[in-house]
Amino acid sequence: MIDALNDALHVGMRANDNVVVLGEDVGRLGGVFRVTAGLFDEFGEDRVLDTPLTETGIVGSAIGMALYGLRPVAEIQFADFVFPAFDQIVNELAKYRYRSGNQFECPVLMRMPVGGGIGGGHYHSQSPEAYFAHTAGLKVVIPSNPYDAKGLLLAALEDPDPVVFLEPKKLYRTTHAEVPEGHYTVPIGSAAAVREGSDLTLLCYGAMVPVCGKVAASAAGEGIDIEVIDLRSILPLDLDVVSASVAKTGRVVIVHEAPRTCGFGAELAASIVERSFWDLDAPIARVTGFDTPFPYRLEDAYMPTLERILEGVRTTARA
Amino acid sequence: MSDTEMFRLLADDDVRLEADAPDLSDEQFLGIYRVMVQTRVFDAAMIGLHRQGRIGIYGSSEGEEAIAVAAAAALDEPDWLFPDYRVPGALFERGVTMEETLAQLFGSAADLGKGRQLPTHYGSRRLQIASISSPVGNGTPHAVGFAWAAKIRKGPEVVLNFFGDGATSEEGFHTGMNIAGVHRLPVVFVCRNNQYAISVPLRLQTASETIAIKARAYGFDGVRVDGSDALAVYAAVRKAVERARAGEGPTLIEGVSYRHGAHSTSDDDTRYRDRSEADAWKKRDPIARFRRYLVARGIWDENRDADLVRELTEAVQRAIDVASAVPVPQIDTLFTDVYHDMPPHLQIQRDELLRHLESRKQAE
Amino acid sequence: MIDALNDALHVGMRANDNVVVLGEDVGRLGGVFRVTAGLFDEFGEDRVLDTPLTETGIVGSAIGMALYGLRPVAEIQFADFVFPAFDQIVNELAKYRYRSGNQFECPVLMRMPVGGGIGGGHYHSQSPEAYFAHTAGLKVVIPSNPYDAKGLLLAALEDPDPVVFLEPKKLYRTTHAEVPEGHYTVPIGSAAAVREGSDLTLLCYGAMVPVCGKVAASAAGEGIDIEVIDLRSILPLDLDVVSASVAKTGRVVIVHEAPRTCGFGAELAASIVERSFWDLDAPIARVTGFDTPFPYRLEDAYMPTLERILEGVRTTARA
Amino acid sequence: MSDTEMFRLLADDDVRLEADAPDLSDEQFLGIYRVMVQTRVFDAAMIGLHRQGRIGIYGSSEGEEAIAVAAAAALDEPDWLFPDYRVPGALFERGVTMEETLAQLFGSAADLGKGRQLPTHYGSRRLQIASISSPVGNGTPHAVGFAWAAKIRKGPEVVLNFFGDGATSEEGFHTGMNIAGVHRLPVVFVCRNNQYAISVPLRLQTASETIAIKARAYGFDGVRVDGSDALAVYAAVRKAVERARAGEGPTLIEGVSYRHGAHSTSDDDTRYRDRSEADAWKKRDPIARFRRYLVARGIWDENRDADLVRELTEAVQRAIDVASAVPVPQIDTLFTDVYHDMPPHLQIQRDELLRHLESRKQAE
């Protein structure tokens, strides 16, 4: 996925001089995950900016740049380190267009690696999407494969609103696929059914999508025909695709890595109950990370594994 | 100018000058004075409006007019203002009308901000004024990012950012100053050191010898200036603006002054400070001092001053009458501008609410 | 409610020398809402600390004080201004016991006024409870009346874990009631049925509780017998009381001021579906603030009003 | 000692002294040296363990041993350490054993932190060492709050807080320094200025003349010291500790040094800096310099040095063997210590997981 993201940044920066990239180590180093590799050499230090160690400063100055008319792409080195910038994101970025009566807009794109699976412990593994999903004014996207990664990133680069772009770091080096050359976009706000099925709807995003694909495969062996939906966008949420699937299956399992309580799975369940209550044949199950800090040595026990998801699927299918 | 000694131009008698006056025409001197007086009259009127329950919370800038107005007067046409909530004088100086200001205070349909923010949270793209928010210090990184963009694009803009003494404790100040220093950005920081952050006195805010000296931590110059000396403020900011435009980087200017009134209409400053303290500072009132100088300079007199105050008082009243006649914003502005295009879930919520309000109308 | 909170702080500080209060304007001024009035005079500047203007510093230094053995009560002047401290809360305070293997604990109590109804606009009206509810390691409480306010605050002062204590500012001056003198506690983690009913369960907390009480009264006139549950604690959540009520009524309406998407109402709906799906006779409705920044002039249209809640109740009761 | 000139004790030849040596016994001199060597040997061994895939990410402190060890050596019994992730020498100096350290690195059941954190995130209440977290700069307000509590309670504790040059850009640094200054708290800040924050060189981190000078923004003294001069570091920190204990407030000490290796085992520093730069700094290697001095002082020689390295290398190996034999923490430690008492929802989640794992065992 790294190559696809890097490609998207090259394409986006070539297409629009207003696009600048800023963050810690994004320039000379090309990013600790090398997502911005090559940008500094091609676009120079005026468009690829190594910032001091300050997330408040990265997002805060990106807002100022956007007010000027630039399209800043701010990298937060790990999503775990976005919290120092939380005030700038929640109180400034997300509210700027609204509070100014639409006089100003702040199309700041914030990229950040999220999630576990790399032995990162408390501070290199968190999945903060729910915090952003509860923040009106933001858009939140999270790709699950190289094609969507490039297409969503290019869409985000053209979006008039601030976008939180979550990059599942587990997929950085584990997913490889040829992506189309040059420019194309994947629309923000549209989910995709990555597998059709009639018995149960499996809702997931990011690094959980490939896992859920495997779950569907082995469930098929047990005679459970699963529809796997990759949300791709968390905000705005594509409820039409979700509802259509639930109308068909009547059974839902929601999967995410983030802790369960008030995670995005809660919103999914609540929305489905509002829209599709009469379609439901069983309780909606959530298979998620636990309500603990993200562990280190016991990471494997924390993550929603194929087996844990499968158990949730079986229970829900039989309920 | 230094970051420890106080820079002044008006001598103790407010008649002589310590050094050359900035080279401004008489009209420009009087222009600055006029806006200072307008600000004083306006603030007083708004406190009145609040007492009558006609507007919400209001914070007066009385005592700090010289900083706001003279600093803004030092800007040129392409420059941008990143203000905070206590510099109405800077807004007026940059061309905001009292009608516009009142539209914001009333939160009426005529407000550029569509009535969405608390009083004194202005913003005007047309006049190159960023949108003000409440969280203290947050505007500074915006000002710095804007200046960074101007440098990258080799634009002509210089950015002027206002904040208070309390704001220097926040992260926005720290990170903004630091980035501005690293990249030598065209931004001028003006700290309104009015000695208090609500009830917290400066000595509990920071132990630094001065506010201006904090610039050393970021590798550029600080200037401590007498904030009730309009000429000194103008001269200091003007120099900083010229240096910024010449690519010589940022400056932190500390305007030493005093908040004459309470923090806001919600505050009772007698709980934490003595009248006597304010009385002492009021002897150095920026408007009275500047007036004495203008009179001594022979370009102003008491009669014209009385006329000016009367004229402005009437103008404020007219503006109030106009602004208070404007209706509330339309209900659907509750949902617009959250995003450029309204997403489905907001359309649903808007329709829910409109249907609900409609049904209630029926009911009545 | 202010008097009850102020009383609780006096009682708590008298009982335990380790309790110190810190924050902006909490000392000489006694707090912008006067909740800490009188503490400075009684306990002096060593225990009632006026801090510089820095929420990061308030929470960050409170953590250090707690490590020393003190029991800091940190006031955030408005919940809208807690976000600069978000990193200290999410990454430090909430994780400190866990990451240190229980060597250390951080019983920091964070008080903050929340909610609308006072014409505060974007930055003096927000209800951030969902952000905290998604943060494992925190406890989150919110009283709806003076009795609970004092009892919960005293309980929080004795709790070994960090507590986010949300004070509905709308109730500060509108609720008055004699509270018992001296020391008593209301347990954290227990909800209360403030009105028994058999037709529908109305879940609410904070400033919405009195409104929901009125809703129940007028619904009774229409023959709808509502059970009103005041959650009091958001984390941990008293699901037993909730489930018992749902088992009885089969119908649920959830009310909160915060924006709907991923608000705490989502977790309530999801948990109820998990636990009580077969008890449900109708979709769960959420009557909440909208997914916009908190407005100023149109505040009344934003707030969940008696009429909006009543409409949700009618729809759910008839569904 | 000043905040702009570099304070040194070891002369260029590392044999003479610029001024008096701190009054330490020969044993104390050798004790500091021993821990510095232990740290070097340990760091190297851990890089090896990582290469073998036996531990996760590791960041070496090579080149910065003098700062960590000599600063910690300047503390007294009641004092507390608020370290960051790159001062293993300070931990060893304060009594942490290599076994304990390795238990943390392996995340084994023997780890005081119960295997919950990334390597190098230590903490020991018994040894008065706070728990380290990853977010840069966050420990500084904790150190300051602890010192504030000590002052309030009139306790004897002085707090030593370590952080890097990059950390000075974060809000934790700003707010911690500011509060420490306002209340003249008993805390000593030691900034390991190793010239880089991962790939970001100091000139892109801050434009301030020195790091030490930043203390002026907070109203107390900064000291710039040669970070590869163990004696200078000890003397500067010792003086700061004594002043802090005497109620004379905080000090910011900048230890000028260089990160010999990559930022961590995940980093490739050749992407952003030349070998030549490191080679130049390595000529000023803190261990070699201190050794030359000790030999010249006549209390050390090459043979004993070789023996010491051999002894420590064996000791590290023994510790590795012991530590690597310890099993993984119990599954239920995933759920304990989130709170003092496990709330119902966590009990349910734990039971779910244990049941699930049990059923999988059955299945196999």
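Should a chain be cited, it is by its letter among A, B, C and D, assigned in written order, with residues numbered from 1 in that chain.
Note that in this section a residue touches a chain if its C-beta (ideal position, glycine included) is under 8 Å from a C-beta of that chain, and two chains touch if they have at least 3 such contacts.
Keep in mind that this is a model prediction, so the values were computed, not measured.
Visitor: Which chains lie in contact with each of subunit A and subunit B?
Guide: Chains that touch both subunit A and subunit B, as defined above, are C, D.
Visitor: Based on CA centres, what chain would you say lies at the far end from subunit A?
Guide: With centres defined by C-alpha atoms, farthest from subunit A sits B.
Visitor: From the mean C-alpha coordinate of subunit B to that of subunit C, what's the distance rounded to whole Å?
Guide: Going by mean C-alpha positions, subunit B sits 35 Å from subunit C.
Visitor: If you average the CA atoms of subunit A and of subunit C, how many Å lie between those two points?
Guide: Chain centres of subunit A and subunit C, defined by C-alpha means, are spaced 30 Å apart.
Visitor: Whole-Å distance, subunit B centre to subunit D centre, using C-alpha means?
Guide: 45
Visitor: Could you pull out the residues of subunit D that touch at least 2 other chains?
Guide: 116-117, 121, 133, 135, 169, 171, 175, 178, 182, 204-206, 338, 345
Visitor: Using the touch rule from the top of the page, what residues of subunit A touch 2 or more other chains?
Guide: 51-52, 54, 56-57, 80, 83-84, 87, 91, 95, 98-99, 122-123, 136-137, 237, 261, 290-293
Visitor: Looking at which chains touch, is this a line, ring, star, complete or other?
Guide: complete
Visitor: Once bound in the complex, which stretches of subunit B touch subunit C?
Guide: The touching residues are 56-57, 107-108, 115-118, 121, 133-137, 166-167, 169-171, 197-200, 204-206, 266-267, 271-272, 328-329, 331, 333-335, 338, 345-346, 349-350, 353, 356-357, 359-360.
Visitor: What residues of subunit B sit close enough to touch subunit A in their complex?
Guide: Interface residues on subunit B, with respect to subunit A: 111-114, 116-117, 121, 123-125, 130-131, 133, 135, 138, 140-150, 152-153, 155, 157, 171-172, 175-176, 178-179, 182, 336-341, 343-345.
Visitor: Enumerate the contact residues on subunit C facing subunit A in the complex.
Guide: 80, 83-84, 86-87, 90-91, 94-95, 98-99, 122-123, 130-131, 133-134, 136-137, 235, 237, 258-259, 261-271, 273-274, 277-278, 280, 282-286, 290-293
Visitor: What does subunit C use to touch subunit D in their complex?
Guide: Touching subunit D: residues 20, 46-47, 49, 51-52, 54, 56-57, 59-70, 72, 84, 87-88, 91-92, 95-105, 136-137, 139, 160-161, 189, 236-237, 239-240 of subunit C.
Visitor: Which part of subunit B faces subunit D closely enough to touch in the complex?
Guide: 169, 171, 173-175, 178, 181-182, 184, 203-209, 213-214, 216-220
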